[in-house]
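Input: structures, listed below.
Below are two complexes that have subunit A in common, paired first with subunit B and then with subunit C.
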Partner chain A sequence: MAILEVENLKVSYYTYAGEVQSVRGISFDVECGETLAIIGESGCGKSVTARAIMQLVQKPQGEIKEGSRIVYNGTDILTMDKKKLRDYRGGECSIIFQDALVALNPTMKVGKQIEENIILHQDIDKKLVKQEVIRLLELVGIPNAERRRNQYPFQFSGGMRQRAMIAMAIAGNPKILIADEPTTALDVTIQAQIMELILELKNKLNTAVILITHDFGVVAGSADKIAVMYAGTIVEAGKCEDIFYHPKHPYTWALLNAVPKMEWKSKQLLDTIKGNPPDLIVPPKGCPFAKRCEHCMNLCLEETPEYTYFDNGHQTSCHLYHPDNQNPKVEFAYGGGNDGQ
Partner chain B sequence: MCIPCKKGGERMVKYILRRFGEMIILLFIIFTATFFLLAAVPGNAIDQKMEKFPESVKENIVHKYGFDKPVLERYAISVKNFVIDHQFGESIVNPGVTLSSLLKDKMPISMQLSARQILFGVPIGMILGIIAACNRGKRIDYFIVISSLVITSVPTLVFALLLQKYFGGRYGLQIIGWSQPGMGFVDGLSYTLLPTLSGVFGYIVGYSRLVRTTMLDSINQEYTMTARAKGLSEARIIYKHVIRNSFIPVCTILPGTIAGVIGGSLFIERVFSIPGIGAYYTTAVSQRDIPMIMGQTMLYTLIYLVSILVSDILYTIVDPRIKFQ
Partner chain C sequence: MMDSSIIFEVKNLKKFFSLEHKSVLKAVDDVSFTINKGETLGLVGESGCGKTTCGRTVIGMYDRTEGEILYKGKDIRRLKGKDRKAYNKEVQIIFQDPYASLNPRMTVADIIAEGIDIHGLAKDADDRRNRVNHLLELVGLDKEHGNRFIHEFSGGQRQRIGIARALAVEPKFILCDEPISALDVSIQAQVANLLIKFQKELGLTYLFIAHDLAMVKHISDRVAVMYLGAIVELDESEDLYKNPLHPYTKALMSAIPIADPKIERERQRIMLEGDVPSPIDTPVGCKFQGRCKQCMERCRTETPMLKEVSKGHLVACHLIEEEINI
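What follows is the complex of A and B.
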């Protein structure tokens, strides 16, 4: 059963330069206990999507457009009243932000910050709150929880801070956990530990996870479904194996080829995607990726491609799969990188 | 590492003692610098005062203030007077007036005036700042921002004159003088209301703008979004997460403002003929009344240094990231 359904989500931010259409009509759903990875480059709208699901897009700077629907367990959170929304935030759906140093209140003790979530979302005796904080800190692998509880975020290391952030997020026993680039601010060893922790907690608590990242490496072992975002739209979505082994969209191809491989020789250069993503104040008429696409056709510049559906819910919006496309079929092959001289 | 409370307290005492030590050295340096600067500048209040006196009288007066001695000897005597005898010297322009007598007679009036302005101005300003920040972009925010802009653009002096013109003499409000001991509350108020009002807006405007800016800064931080994502109500977000963080900058400004109480408000004292300390400080400087300049400079320096120390201590209370070292 789908616990979260996002339909035709459109989010705009208002800047001095004009209205930036950060998210331009995306739809996806998340099943109970499943992991959905949203992947894409910086500025493609993935973090904005995460904030929209938490109803954190604030007027007057930003706005979720009319016609968008974010349905949690049968109710649209965009029409929820304030009281219900407060129960939803943190209680049904929690978020872990990218950089715990700025996401935690610098002048409040870590234990106190976790306490707030417990008091808000758990029916618990006041005397037991302290124990619960310690239990949560131990659950996310923070040693000396009794002492750590009384420390401030600046006294924690980067990895420990992110663990505390996770403890805070799971304190309300949410059904959905959004992880907005949870490992970007951390070094590689800690990254692996934090990802492991998130997956372990997911299995233990049976929460659905929406993992937002720009790193295919992070996604590989953890996601059930992947949605690839580009310029505010989902260009391809499907099961993890389908995206990795049978990617359909040229953008996904380019992303996969940009991941460095162990067997490469030292002189090999990384594949890059030429050009820049489009300006979302004036979004392009046709396919947003057309300008950078190696397989661009005339049609791509004129008309936004519809979704083409394959097996297992795999879908992509690309004119290469247009039924009238007479060109020879293009298939994806992992590139070996460029020979750099 | 977690520091047990006792050790933290010990640290604080050590820190404050060290700062006091530094303060004494600083005061000494400033004393010396001011003394020699004044000695190097030609002319002083005596020359102006005694142009018409016969030579013998002049000599007597110069001798009385010790200006016939060489500079270094005068310096030594001044140091002795300040440090050991706590004698800060008699005014040349107003004979009989010393720093101690000013502190006793004039200072309380100046302090009453400034204290009233600060006691009303600062809290009202802070509250308006919080209201404006919480309602950013709404009508009330625009009202507060625009009206404070208009008010800051009007100099205190003009504002005081306007108040005198439109309220003076009416509603029983006085435009000259200050309340005397023994006056009833209403009578006292009739003297103090207009001068207080003239100065209070400066504090209201200053603090509302400061607090609004720091609050907005704090509201736009990511930890505020985290607090919202927890499901806290807007009121609790402001109360629990925004206010403390946004008051850190206020802590630097506040002790300075309070130290300003001692200085009084020069313009307002002049306009309303309030017998405060403000007038003495300016005449002392403009007429080179050396003993008065020395005394008052040291007083203000001391107050200023103490206010910096207080704001540093406040910092460590509000912001746990800052520790005594």
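What follows is the complex of A and C.
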């Protein structure tokens, strides 16, 4: 059974320029022990989705629209009272942010910050809290935990800080772990370490992981399901293999081909996506990707595409799969065959 | 007799920063390499390994501590008068953060034309305007964009302006200091394509600094791997990625995420433990000794030198040295 179900989630932010519709009606679910990856470029609404799940969208500038439902274990978190929400946040569902230095309190010892979460969410004897902090620090692979506990975030390196964040996130034994670009600010070698750690903990604690990233490489080894987001909507979702080997949406094609592959010849031109993402204050009529799409048809500019469903829960919103589409079938091909001329 | 195909020759370059309590930060410690005309030399390594400092010292933005930097056979420190001005025109840089490196109070046209004005490249106001418009078109922007300010542009567009600014003075060499790291995937591809295109059309030479290994391989002819201020391996990019020899390069290559679930789930990673150690008061011997699984007695006492193992493939490692007897 799904531990978290998100239905028709809509989030808006109010700015001087007008209402920015950051997330425009997305639905997905995650099961225990499963990793869902949400992929998209900056501004597509992936981090806002994470914040909404944590109930961190602040009023009055931000608002989760009516009709949205975020159901955790049978209860809609949007209707929870403050007390329940406090147990939910950090206890049932916790988040790892991209920039650990900003997310951690600079004036508080790392051990103390982890302690807070333990005291809040675990029924534990005060005397044992210190032991628990050390156990958690060791669990996430921080050497000299006894000494490290008494240091401040600035004394930690980037990778170590991210580990401390993870220790804090798992202190309440959460059922859902949201990782919002956990490795974007890190080097590749450290990135590999952190991803390994997250997967290891997921298997050990059987948590559901929602991994938010823009990097297909990070996702390939870790995700079970993938949702590709564009302009506040999920344009394609499905099993990891389906998305990588049989992607259906032109945006997914473009994303997969925009990253150079190791086996490609050097200095060939990469496939690019023309133009920029649409302005979400006035979302475009029809398909949001239409203006940048190579396979755009008249219909795409007029009508928002409905989801088309394939095997294994693979779904995409694209008019190419419209039953009345008479045009020749277009299929995905990995780039790299041409020499860029 | 100087080889005219070499644009930059760097010999035993050192750049140290003095800190308090008499400690010294060795950002670049004994680095030697050459950059040939028309090629792209990639410089990769983790953050803090000294790649940016190395690049900036090479073009003379930082004053070197020791060593020799020859630009077309002449020491860049001794360039005076006309030579100095020509050097400043021919060597340009594109920065990582286009917002921090472009003046927010100047219009885009003025930013691009600043170099044109300094070097007196435009005959009159018309010529200046035409040059700016041409450059804007070249990098895929509109000529109307010239009247706007930097804050009105997206990250990718800003980086295009940064490139147009560098190209305005008809450079021969551009130091690309992580020009695409801050951009989105689809925008990265656009900017990378621009750089590749200009190199082909204008015969530019690049020193390309980045930590995105896949992108570096894609753009570079040769790649140098840096660790803690020293180059540990240097080779043609295709060969280096196929056949890395240094234990650090191997670990680095195996950490690159591959966007293919089957390969990614089956491959064996060489996990490096810990972080890059501090470049302050580095140990004697090999810089990588603390994280190397194959560390020997010799590595702790003797610094390995960069030696050629096959044509154009240089490695600094005692293990490789002993294996193939050089």
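Throughout what follows, the second predicted complex is superposed on the first by the 336 of 341 C-alpha atoms of A that agree within 3 Å, B and C clash if a C-alpha of one lies under 4 Å from a C-alpha of the other, contacts with A are read in each partner's own complex, and residues count from 1 in each chain.
The rule is simple: contacts are C-beta pairs under 8 Å (C-beta built on N, C-alpha and C of every residue); 3 or more make two chains touch, one makes a residue touch a chain.
Values in this document were obtained by computation on a predicted structure and should not be read as measured data.
With both complexes brought onto subunit A, simultaneous placement of subunit B and subunit C is permitted, the two fitting side by side without a clash. In the superposed model, A:E132 makes contact with neither subunit B nor subunit C. Within the superposed three-chain model, A:F216 lies in touch with subunit C and out of touch with subunit B [touch as defined at top]. Shared-chain residue A:D87: touches subunit B; no touch with subunit C. Of the two partner chains, subunit B is the only one that A:N105 touches; subunit C does not reach it. In the superposition on chain A, contact is made by A:L255 with subunit C only, not with subunit B. Residue by residue along subunit A, subunit B and subunit C are tallied for touches, and C comes out ahead. With chain A fitted onto itself, subunit B and subunit C come no nearer than 9 Å, counting C-alpha atoms only.
Of all residues in subunit B, those touching subunit A in their complex are 1-2, 137, 221-223, 225-233, 240-241, 244-245, 248, 318-321. Contact residues on subunit C toward subunit A in their complex (touch as defined above): 46-47, 154, 156, 184-190, 192-193, 196-197, 199, 211, 213-215, 217-221, 237-238, 241, 251-252, 254-265, 269, 271-272, 274-276. Taken together, the subunit A residues at the contact with subunit B in this complex read 51, 54, 56, 60, 82, 85-91, 94-95, 97, 99, 102-108, 116-117, 120-121, 147, 150-152, 154-155, 168, 172.
Remark: subunit A residues 41-42, 143, 157-160, 187-193, 196, 214-221, 240-241, 244, 254-256, 258-262, 264, 266-267, 269-273, 276, 340 touch subunit C in the complex.
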